[in-house]
Each structure stands twice: as structure tokens, then as C-alpha cells.
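By letter and in written order, the chains are A, B and C; residue numbering begins at 1 in each of them.
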Amino acid sequence: MTLHLRSGGSALLLGWLVFCGSVALAQRAARPYEPPADYQPGIYFPQAPRPGEWRKSIGLIFTSTPPEITEEIRLLVPAIDVNLQHGLSKNWYLSTRLQTQLVQSNLALGVRYATPVTDKLYAGLGIDGVGWFGALAIKDVFNSQAGGLEAIPHATLGYRLTRDLQLTFRTEAIMDLYYRSTVGPLAVEYDQRRLNGVAFTFALEQPFYKQQHVTLGLRAAYSNFNWQFWSLYDTFERDFFYPQLFFGFIL
Amino acid sequence: MKPFYYLLVGGLSWLLLQACREQYEAPIPYEFSGQTGSGRFTAPVRQTMEGVYTVTDGVGEFGAQVALKWTYVLNGADTTHYLSIFSGNEAGFFNLENDRSVDSLVVRGYWRKLVNTDTGLARLALRTRRNGQLQRFTGTLAVGDTLVLEGLYGTGTASPDQPLTLTYNRPLNPRPFAILAHRSGGRTSDLLSVSENSLNMIRLASRLGATGIEIDIKFTKDGVPILYHDNLLNLRLIQKNGLEGPVEEYTYQQLNTLVRLVNGEKIPTLEEALETVLTSTTLNFVWLDTKYDGPMDKVQAIQQRFRQRAIASRRDLRIVIGLPTTQAADAYRALANKENTPVLSELDTAITRSLDARIWAPRWTLGPQLEQVRAMQAEGRTVFVWTLDEPKFIEQFIQESNFDGILSNYSPLVAYYHYVDQ
Amino acid sequence: MWTNKQMRLRLFLLLLTAAGASRTTHAQATSTTTDSVTNRRDPYALVLTVGGGLSYYPAFIGVPPDVDQVAINRSGIPATVRLMWHPDHRLRIGLESGLVPLYNYRVTAAGEQARVAVSTIPVLVVFSMPLAWLSGTERSLARRLSVSGGTGTYIIRSDLSYRGDVNASRLSIGWMAAGAYTQPIGRRFRIATELKWYSITATSDAVFTLQLQAVWRAFTW
């Protein structure tokens, strides 16, 4: 098993320390939880939907391509981004996320725990199981398929700046679990479990027009493998920077 | 609480910036003397040494076995010899030269892994094992003797301190197979010491295991064929200089004076590249990839001239024009005279047949295509596959497909899997 | 000690501020009550911003090797235009373009002078937010301060003059971040000053601009 910790690992560690510190501060405050008067919709903000409530969003996520892999083609690659969350209890909720470009898709299923730390500061922990799959059958070009599994544990801090604006910072560890690719009748498989990379997300959630709320954010993934570029079969054992911009309507 | 938040935001921002700013480099920790000849490594010794070796010390770093092969570059009538060791582990390879500072059969140089930035120094002595005892190799092997390369390797620029022992196991796989290096030897993004599509990369190619190269041809504004891959002047290929846009918008003189490839080389002309192949290397195949639109006659004229020179100097050298698109195929069809103009078709089998291309080269992402490959070979055509870098697929394509060669950015890895194949 | 001229200028600015604030009090009073849980839709507006100023290129400038008499200029005069939709909440969205000089240099290469000038035309989607929204009026500093971010395409122009002229261009993705202070001067007009950072991915270009902007609330519905 290869571990690529470096600065990303340090950030992850710092994220956990910050989370623990926040919880400790919350303990010191020792006040019973009262739901905020203005309950604002949010997908990233670490606050569980009310038990039984569904939260959903649809939007786009754009990923910048690293030149080592896509060479002279530098694009913001768009993907449809759908989120669905379901409250289980005051603190626990389920999350589902689908990102798709039709020929390749990524489905994440996760469970999250979120708790208020102060009136404005919230914190959460969660883990997503991720499955991705891509298939390309183009005459004289591709006869390839690939798929894989990842696990993404994450820690989240949310700050309700005012009644209308929620800031969220999330730190993720991207763990590779399994990879398989086929080219014609040939197949390769990697089932090594390793830290593939880390990601940091900064999201704003707020009303946009009338009662419509939106999510706007940046995700900075720093990883060895990115599922969206499986068909380029990059072989680098080096971490690349994948900045992502996302914008979604909370339905 | 506020200082806590400021600390949090500041700390995380700093870490994010650190992560974004990481630049990968893999500088070669060894400077080659470049002296001609091979010292005590005479031709019989070099020939005896080539083979598949079992790794005893150093398995974790370089795998259970490696392939050893000597190559040389020419400088006029002089030759400079290098020992290459190809590892199946993370596209690793060694480049070594005769150590002239000692009075024995010793090589020194560096190792590198292409998939990452790992590199280091190495120094190995050639010995024989006789009756379990290591002895100095005198140049001839007695019955029962086994060749052993024994020495040390290190990491980075540190002095070698880790044991490395290679024991001769068997000869290299003798089956003819084309190990074709992409972009004249390897991609710039693989952090080699020289730039892709440069003269220095052409000189390096055989030390990376290549028996042939693919080079990318474009034209300058004033009609000079040059080696350059991208449509635009891109920072992944050239040093920053403020010049942007299509390479075809600049004259040769402007490019030659103002533009340098990422490792400082000038953009070579096609003629300079073929001159280097012909006079400085032992490469036996050059694939001129058509990256331009328009007539092909200038490239054809250069191809024919260098083919004639190769024949005149009794060089085993095939120079073929690659046809990657229907437009390139049309440009080939439009040539007034197609005599002595071998071409390689990347298009489907029907077009390849209609062009009477002697070489067919499909994409590797279509798989082994055993039936089509056998059919084309039955018609006397050679079949290559491109551009295959994924290590496990390279292994499978060599073991389970029927191609005559592989074009790859990882020629050391193709060399390894080909030479150890039994 | 202030001179009379300085005193007059400060008084003028103070009056401008007060006038602008008084003219916008009514509109702000409405928007301070704006909240996503209410079912009311407040006015939308299209706001046009035109600005110009100075630019400075802080990033690495590569100059060809083996040249003499190198003269580099990192500053220029940018001009940009931005059209934003201001809905009834804090977040605004719009488009920005303009012409931003990046840098130029002169060198002598092989005995002949070469001149290279690089500039860009950004075509960006821009998101913007005032720092305060639900509280205060436009008299408060936080409501006049805003941050913006954007992404999109940059058209990079490169003009070479060396043994012939080349006017080439290419596209690149890129990013933008900015902070602005807006001073109300009328019901529909503002003036603003904005510090902006453009980052162009493919060419590793980055430039700061400091602009004075005229802001016109062109259409309200």
C-alpha cells in the first residue's frame, strides 16, 4: 500500500484537529441545541435535514484539466451534479451524490453526522462510498470500459455568517479501493487500498432570487487519480491539482 | 473565538497554496563523461553481459528481474557505449557508463522511475560466481560460471548505500519486436532531462530502450518542417516567452531565435532530426507523424533523401510517413509520385489497404484485435499499436497480442516486458 | 494642516456620500428586510459597470535566451466592462470582458530589435456579493464593499515584431477575484474602485488591476 501523505496529509490532520478543537469548544459552551429560527436550505452546510425531510439540488460542476494528463487541451470539463439528502435524526442524515457526463458517472452514497458547535458554527463528519464507471465504444478509437470504488471520509465546518449566508469548509481524504479497466478482451485490476489524495471544498449557500437558494463553491482536489480522466490512462504516480467550480440550485 | 477562525482560515489557505504550488522535478543526479569507447567493456564482454538478470538485493525497488542491454551513440567514427537496465517496477531504468576511474569492470550512472520522480545514483561491478564464490571477471566465462553485477544504489544525490545484486539468468528474448518511443524518446511531462521532439531526446532514445522513434512534424510559416507536437506554442513544451498562438504563424527564424523547448533546446527541423538519427544513433525506425494540413511533398522529398543516404551508408533504417487522419491520407494520395514513399496508416483496415500502406497502426484502446492483426500480417503488413503506457496492459499486449511493435512513452517498460518474455 | 483645496475635496466627498446614501435609503430599507423565507420578490436590476485604471503584471516573464538590451514593461492601462444581474438577494451574477495589457518587452536578438506585447480579453462569468446585506444601509462601509469571483475564457493576444510581424492569439481558461468599494452618487449611478486579480491558466499569466469604475443601474424591473 502506498501512502501519499505529504502536505495533503498534513491538511487532513489539521482538519481533524480543528474539528476536535471545535467540538471541545462546544463542550465548554455546554448549551442545549436549539434549532435556528431561520432554517436555511443547504447541501454542504453541516446541518442535518429535519428527520424524514429530503433535500435535493441539481447543478453543474466544472473540473479544470491538468496539462500533464490532457496536454494542450485545457478545459473546464462540465458534469451534471445531483445531490439528495435525507434526515434520519437530529444529527444523522444520509447523502447521495451523482455526477455524470453520460459516458461516465460517479455515484456517492454516504452517511453524515452534523452538530452545532455554537449558534453560528456547525461541524460534521461523514464518509461516502463512491462507485464510478465509464464506457467508451467509438469506432477506430475506443473499445474500453473502466470502473472503480473509492471511499471518501470527510470533516466539515460550517459557519452561518448571517441569516442568509452559510459558509462551509470541508476536508476530504480520497481513498482508492478498487480499479478495473478492460480494453477489448484484456483487463487490468488494481485492488490496492491507498490514499489517492485530498480535497478541500469551500462553499457558499444562500438565497439567489425569490425563494430560490443556490450553492456556489470551489473544490480543490489534489490527487493521483481522477475518475473523470480514466480514458486517458495516465500512469503518473504523482498528485495533480484539480480545481473544481460548482454551482447548484437547491430544490 | 475570532483568533481561532483566523488561524483556521489562514492555516488551511497556506496548506492549500502549498499543495497547489508543488512542482515535480526529477533532475538526473549523475553527469556522464561522454567519453568515447567502452573502456574495459570490450565487444565480447558487452555481448556476454546482455541478458535477463535475477535481482537478489534490491527486489523491493526494482522488481524480481531486470533486462540488461548495451547501446551506443555515434559521434563521427567514434562510439560512446552505455549500459541500460530495464526494470518492470514503475517503469524504472538505469543508464550507466564505464567507470574509467578504476582498473576493473565497473559501471556507474543513475536510475530513474518514469511514473514518479524517484531517481538516484548507482555503481555496479561485473563479477563471476564460480563455485559459490564471487570473482573478478576476466572476460571469458568458464562452464558453470555465472555473471553477477554487484554494487550499490542510492536515492537522489546521496551516495549509493543500498545493496543491489543482479545475477545472470538467461539471454534476452531474441524475437524481433519494435520498441518505438513516442515523441522521439519520451514525453516532456515524464520529467526527462531533455525535451520531447528534440535532438537530445533522439540521442537518448536507444538508452531508454527504443529501437525506433515517432516524431511529430509541423510546418513553420515559411514552410520549414519542424518537430513539434502541439497546435500552439504551449508552456508544457516551451519556455515562457510571451509568444502565443499556432506554431505555423511564426517563421523558422523567429522560432529559432526566440523559442526554446522546456529544457533549453531549440526546436529542431525535420532535416536536423533525421541527420541525428542517421549519424548519431542506431535507431532503425522513424515514424514521421503528420501533424500538419496541406501538401506532403516537402516531407516526402526529405524522407526519400534520407532513405537514400541510409541505403548508401548500409544503415538498417526505415523512415515512414504516418497518416493519422483522412486528410493526411488525401495528402498522400495527392502526391505526384508515391514511389519510395513508405507510409504507416493509423486509419481502419480498409483505408490502409486502399493506401497500400505497408504498416498498420491502430490505437491500443481498441484492444488486441487479433483477427484483424493476423489478416494484415498475412498480407505482408507490419502492425504496430499506439500509444500504450499502462504497465499492466503493456505486459498483456506483449504476452497475448500479435503486434510487431508498441509505440509508448515508456519505452524502458516495453523493452523490459519484451526482453524478459519467454 | 490641510490646504483649502484638500478641505474642499473632503467636503465634496462627504456631501456625495450623504447625498448618495439619502437617495438610496428607500431602496435599502426594502432590501434590508429581504430574506429567503419571505415570499416576496423585490426588484431585480441589470447593472452595467465600465472601468479603467492601471494594471501590474507580477508573474514571471520569460525572455528568450541569448538576447541583449532587455527592457521589460509590466504595467498598462486596462479597460473592462461588466454586466451584472442584481436579484433580490445578496448574490449577483453577470458577465465581464475588456482589454487588459499583461506585459511587453524589447530585446535585441541577433543584432535586431524584437518587441513582444502580450494582452488579454477576458470573457468571464462573474459572481459578486456585498459584504453586508441584511443589516445596515449603504452608509455602512460593509455594504459598500463587495467581493467578486469569476471564471471563463481568456483570449490571449501576442504581438511580435521581429523580422516580420506576428499577431497571434489563443484561448485559455482562467480565474478572476476582486474586491471593490462602491460610492453612491445618485439613484442609478455609483462610482467604484476595484482591485482585481486575473489568472490565466494555460499561459501562467497573472495580473493585478486597480480601476475606477462607473456603475449604472441600467434597468430595473
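Remarks
Note that a contact is a pair of C-beta atoms (placed from the backbone, for glycine too) under 8 Å apart; a residue touches a chain by one contact, two chains touch by 3 or more.
All values derive from a computational prediction rather than experimental measurement.
Interface comparison, A-C versus A-B: the higher count of C-beta contacts falls to A-B. Ranked by separation of Cα centres from subunit B, the top chain is C.
The centroid of the Cα atoms in subunit B and the matching centroid in subunit C are 48 Å apart. Per-chain Cα centroids separate subunit A from subunit C by 31 Å. Centroids of subunit A and subunit B (each the mean of its C-alpha atoms) stand 39 Å apart.
Multi-chain contact residues of subunit C (touching two or more other chains) are listed as 202. Residue positions 67 of subunit A are each in touch with at least two other chains.
Annotation for subunit B: residues 232, 234-235 touch two or more other chains. On the side of subunit A, the complex with subunit B involves touching residues 6-8, 10-11, 14-15, 18, 21, 25, 67-68, 71-72, 118, 121, 136, 139-144, 157, 159, 169, 171, 181, 183-186, 188, 198, 200, 220, 222, 231, 233, 235-239, 241. Against subunit A, in their complex, subunit B makes its touches with residues 1, 4-5, 8, 11-12, 15-16, 18-20, 22, 24, 90-91, 115-117, 189, 229-232, 234-236, 347-348, 362-369, 389-393, 396-397, 400, 410. The touching residues of subunit A, when paired with subunit C in their complex, are 38, 40, 62, 64, 67, 74-76, 162-165, 204, 206-211, 213-214, 216, 245.
Contact residues of subunit C toward subunit B in the complex are 60-65, 103-105, 109-110, 114, 116-118, 156-158, 160, 162-164, 166, 168-170, 202-204. Contact residues of subunit B toward subunit C in the complex are 221, 232, 234-235, 239-246, 249-251, 253-254, 257-260, 264.
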